[in-house]
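Below: a set of structures, written as structure tokens.
Two complexes come next, and they have one chain in common, chain A, joined by chain B in the first and chain C in the second.
After this line comes the complex of A and B, so read on.
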């Protein structure tokens, strides 16, 4: 991370910070937006199998729209976010984006949540030449549209880069693991990462004696747990979504087996952190509500607002993490693009984003790499005292926190 | 080649998972077989009961068995109310599929409005308890579920065969006009059976709350496999439903242990197709 900082043009980074500093400025100093609203259309999976996480994105978006409107809106005009429910179905997402662009005549669009709806929406965006910022496409190589921009710093090849971040972290353990069992959902973004993990682990001499794939929505993990126990590897890598990690760890406990160390790709953060089985497990992240992340401009306020809204929405885990931050970052990028280009024209916004650095809650972000991605910024976190703590790379570890070996 | 321990453990896990399939299939099988109503809202009622168990347990610290004692009678009444609608609008087998699908969707939305779409997990200290027998581990909660499912299936089977009401229900399912000629009031008995189906859904829901992850969309996760179980077990046959559930559960689990876990969903329908092709007399 420090290495790439050196390559950035200072004025762009400073420009981004100035924009974000406005978050902390008193409202009285700013002019309230006025005039015809700028309509931004988008869908989220408010119902269907993706709804559990999409609700987090919805809160992130609402916070940002209010925040933008409490300042200058877009070019002095208030922002109106037209959010529709794509029911977790790509075909519905596709139709709704058509409607937003052709019937509702939105000025700009915001991407939906999750890879499949994003791909569906991207086709429509491309047809109408709209800029699309998306927060959660886990397979960057599928983002082939020139005016689509990622808000979350997966990097262009996370299946190669992220396993190595994990392997570097594993190497710091007192007894670095020599064998790894990989169990993954067949959900595309998880399967994609699992295959990368197997390849990279074997390249670095970590043997993978067992690799299992299960269907998304698998009900019973008893037989899988029995196979994991029998393999008894030094490290368990789980390509899980939602509560699958909890289910796998519970099934293992029923067999009186606790993996030595385990990693979980995209788990529901709260339930895993709060579960007795979740103690000291590892997971992926881009940000946690801790230092150095909380010192980023605007982050404290966003984290507080998120907690307030998530509690009000009755979410069991009301602490901001990488999911909500993804949507926050997406809106920050759109705002920076509009303000930077001083225009609502999609081509001008896209051109500005490609040439500049935007500072989001994820830190300085650029889009000049393959598939419009910048550098990857994945981190490793561990559950410690029922809270997620970043444990790797070292420069992102909060003071007083360290990796606890099991 | 998987070891004997792995195969044995997978078989235990599968049979116990099949107990849940059988328990969920019980009410559906009775409704479809004896009332000629395909009640898709059965799954939604089970999840409503699961969410109520979760709510009572986490908010009011009510033990699941006391929660079940409260929820089951309420569900029985919901079953009666539902049948009143079927009766009032003279709903037939095909229409019941569409109408109860609508009920299920409405319940799913209602559940999501109140409990949100987020995952819910009812953590208990006994949820991961197991008994060790030789080299095998038997999860206690799943074992209790299987025993309850077995008792309900056996009791219902006996009730249908040994009591006047049970015999009358079976006779009415065979030929309602002839049964009526012998004094069977099919309409009243249908209310009883509908209430029982909903009550069974409530019992299944209590176990779902303890064993599974709750999310509104999970209502549909069991649909395919439980339909296969109902058909394999023969419509209106409670013991058949339980045995079919265990057969499917064991087949899925063995497939996961020997081959790829991703093959498991194919197993239930493969078994169903194989049995339909075989066309045994008992089906």
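After this line comes the complex of A and C, so read on.
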């Protein structure tokens, strides 16, 4: 009995030591950040018409702040992310960045989501000399502030470079398209790319017999579909946002017309991949949860965390894509800038970023070009078996995946 | 002395607040506060400008974003494409928006059917049209306008301070304009249009002109506000500028504060902007918006007329009616025979009125002598009320001529006819529902009679309120009057215009015998004041007792004319109308 009791005691005492060690060890191993938090302020469009996409950025940001704090924080201090809701309005975004900087006295800022709030925030950042990293401005030439940095590798002139990526991919088809219909939303970043596509296509001998623009938010694509069918081009290029691609393809189906091959600029990835109309369509991307991207440092863990949280938040498409990855990359750049400059001073961070290469989920990223952009890395993906697969350029295509011609 | 000090206190507080707000940028407070207060100024100006037409006159617009957007893009285009200095673009933005509104108003306000929800939908359509034009022309073209290169004048030490002071100036100007309009003839006319536009016109309010003035003023302010806001936002897009929520927010803000009050929209705008900023933290954003929505729903349910009217009503309940407003005048019926001139004050010649295939009046000729009481009778549908409507200008003539005191009035608008000295009452009383008895009568004195000071108008109104026995009801709304009192309010309103010719449309219908006797005495007393009276009546006792002459209309034609007792005994009249002789 006593022996047994002794054994029991020994087991528990030992267990207690192990438990303490287990609790203490991560703190020692992680060198947990301590001291006054480094306050990073930013807004996201958590309500209003941009809210559906902004919630993806929110999850990306939360994952990254936890990840940074699980390591060393910023210079050994924990990071506190002050996230405010700009209600999808640029004027509110502007005032909230002023609040973050002049009232909350944040140490650093993180850019908002979408072009208009980004530009409103950029003006504030410029007046107060703050570094601003943004992940979702599709018109790089508008980023005129010297200390604003893009997290998504559009390159400085995506209206010239990306159409050529697409044209290169088209040229690999068994019967390369000779004609292209372009249909685009008048949403600034989509229209910007559509105009570039027309110019570059014509330069390379692909005729554009039909170029149509529709108002952002349009829901009735019947008339547009009729004209697309009438033009019957070899390739359909759609400058769409969100569900517009689904709606256009549905309108075309109602006219008994299936485009030979179609490309969609910024569609809602889940609905398009899962729709029968979306089978084998092309789209733009910067990464997919596949090789070689999953081999990038930390990517696998981030993708898993994203899936878990997006599922919990009831998002219709719980797979990490360019929207969430953009926010992840933005935090990776900020972390690299702070650690590289060993400072929270904006000027020093900006100077370091301009001279160095940062490894993000998008790969090695530089900021030494026009408008602080580096090399473009916009890719082409295709829906195959209801999943998005990168199909071009070749070096980003996963083993066993290839472009399926239609 | 103490009373004066109490009255001056709000004015002194307002002046102090204006001075304090003007010098706020000098306090070098954090820029956010300047920005936040600027956004309050912005919404105050925008919602107050909306209320100038939609709140005051009741022409509910859902398209205020159109005029705001014209201002935004005027400044954006002039500064970025033509290098015009920003400050110069603001008045141009205001002028273009005002011009657009005046142009739309000149077409729309002529059509009676485009009131109410049709006007709201039309303004919404204008927003879409303007947005489409801007989106599809080089003004924007779809790519947006980036204004970072546009220099902002150094009015204040900081850029935010400069935007703040411009927003502040615009806000003060807008509220001052709203105050002025609400206290001027224009405002009084707009309030009357809000309650009953046809009656307002008949009482002498130049409704068409006033609506255009209010629309242009409202749009002009929105345009100037847009011009300033373009600089605040920095990147202009069609979707962001013309979004539906701009129009909805101004409506919500105005309705919450009280759209008929000059300060109501400012209160609503301040409350809603502050509420929206109360829940900006990322963790509570969605719940916060839901709470804001619930607060607004509750406020609108509990305070349907808005915060300011609710406060005013509460204050009024606490106060007894001031003795000075109690009108006590006893109508005197002269014992001497009335003086009836041989001169015709009203001549009706060959008047016809068609409504499509229906001939309501088929060539009526009449002469009404100065000083007489002229009865107009006939079976239902004989054209009596149509004739009153034609004489008062409510219906345009199809053909014929009508002269008043020798001047042709047949084709004049109703408000011109009213100013020439024709006043009328309605068979079913149509008082201005949101105005007190005193305001109802004072409005008619203001627009129908000769130009006088405000105090004189008030005295005039009090006189006729007392004359018609409504003394003590001055501050009561028409809903608080019984039918008898409402009929007499109709009379008081008509008399306050000091008409040469008074048209009474079945003023006795629905009254009990004692009230009828009272009314007959009153009509006689009115005639004693020197007015000529034409009255439509079915009550034969009153017709016979009151009329000097009677005309009988049948099927839109003059059927008989003469002394009341003779006409009533005419077998032809009896057969078409009475069924039996009135007097043996």
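Rule of thumb we're sticking to: the second predicted complex is superposed on the first by the 378 of 406 C-alpha atoms of A that agree within 3 Å, B and C clash if a C-alpha of one lies under 4 Å from a C-alpha of the other, contacts with A are read in each partner's own complex, and residues count from 1 in each chain.
Keep this in mind: a contact is a pair of C-beta atoms (placed from the backbone, for glycine too) under 8 Å apart; a residue touches a chain by one contact, two chains touch by 3 or more.
Worth saying up front: this structure is predicted, and the values here are computed from it rather than measured.
Peer 1: If you stack the two complexes on chain A, which partner ends up touching A:217: first (chain B), second (chain C), both, or neither?
Peer 2: A:217: touches chain B and chain C.
Peer 1: Considering only the touch criterion stated at the top, classify A:102 as touching first (chain B), second (chain C), both, or neither.
Peer 2: After superposing on A, A:102 lies in contact with chain C but is clear of chain B.
Peer 1: Based on the superposed arrangement, let me know which partner A:314 touches: chain B (first), chain C (second), both, or neither?
Peer 2: A:314 contacts chain B only, not chain C.
Peer 1: For A:271, is the partner it touches chain B (first), chain C (second), both, or none of the two (neither)?
Peer 2: Touch partner of A:271: chain B, not chain C.
Peer 1: Going by the contact rule set out at the top, does A:227 touch chain B (first), chain C (second), both, or neither?
Peer 2: It touches chain B, and chain C stays clear.
Peer 1: Let me test your reading of the model: by the given contact rule, A:262 touches which partner, first (chain B), second (chain C), both or neither?
Peer 2: Neither partner.
Peer 1: Of the partners chain B and chain C, which touch A:253 in the superposed model: first, second, both, neither?
Peer 2: first
Peer 1: Have a look at where A:186 lands relative to chain B and chain C in the superposition and call it first, second, both or neither.
Peer 2: both
Peer 1: Does the superposition put A:134 against chain B (first), chain C (second), both, or neither?
Peer 2: It touches nothing on chain B or chain C.
Peer 1: Can you pull the chain A residues that chain B and chain C both touch?
Peer 2: 46-47, 49, 186, 213, 215, 217
Peer 1: Name, in rising order, each residue of chain B that touches chain A in their complex.
Peer 2: Spelled out, the residues of chain B in touch with chain A are 2-3, 5-6, 9-10, 12-14, 16-17, 109, 112, 115-121, 123, 127-130, 132, 137, 139, 212-213, 215-217, 221-222, 225, 249, 252-254, 256-257, 260-262, 264-265.
Peer 1: Which of the residues in chain C end up touching chain A in this complex?
Peer 2: Counting only chain C, the residues touching chain A are 30-36, 38-39, 42, 132, 135-136, 142-144, 146, 148, 158-160, 229, 232-235, 237-240, 243, 276, 279-283, 285-286, 288-289.
Peer 1: Using the touch rule from the top, collect the residues of chain A that touch chain B in their complex.
Peer 2: Checking each residue of chain A against chain B gives 46-49, 51-52, 54-55, 88, 186, 212-215, 217-220, 222-227, 230, 242-243, 246-247, 250, 253-256, 268, 271, 275-277, 313-317.
Peer 1: Would you tell me which residues of chain A are touching chain C in their complex?
Peer 2: Those residues of chain A that touch chain C are 44, 46-47, 49, 58, 82-85, 87, 89-92, 94-96, 98-99, 101-103, 115-116, 119-120, 123, 127, 139, 142, 144, 186-188, 191-192, 213, 215-217.
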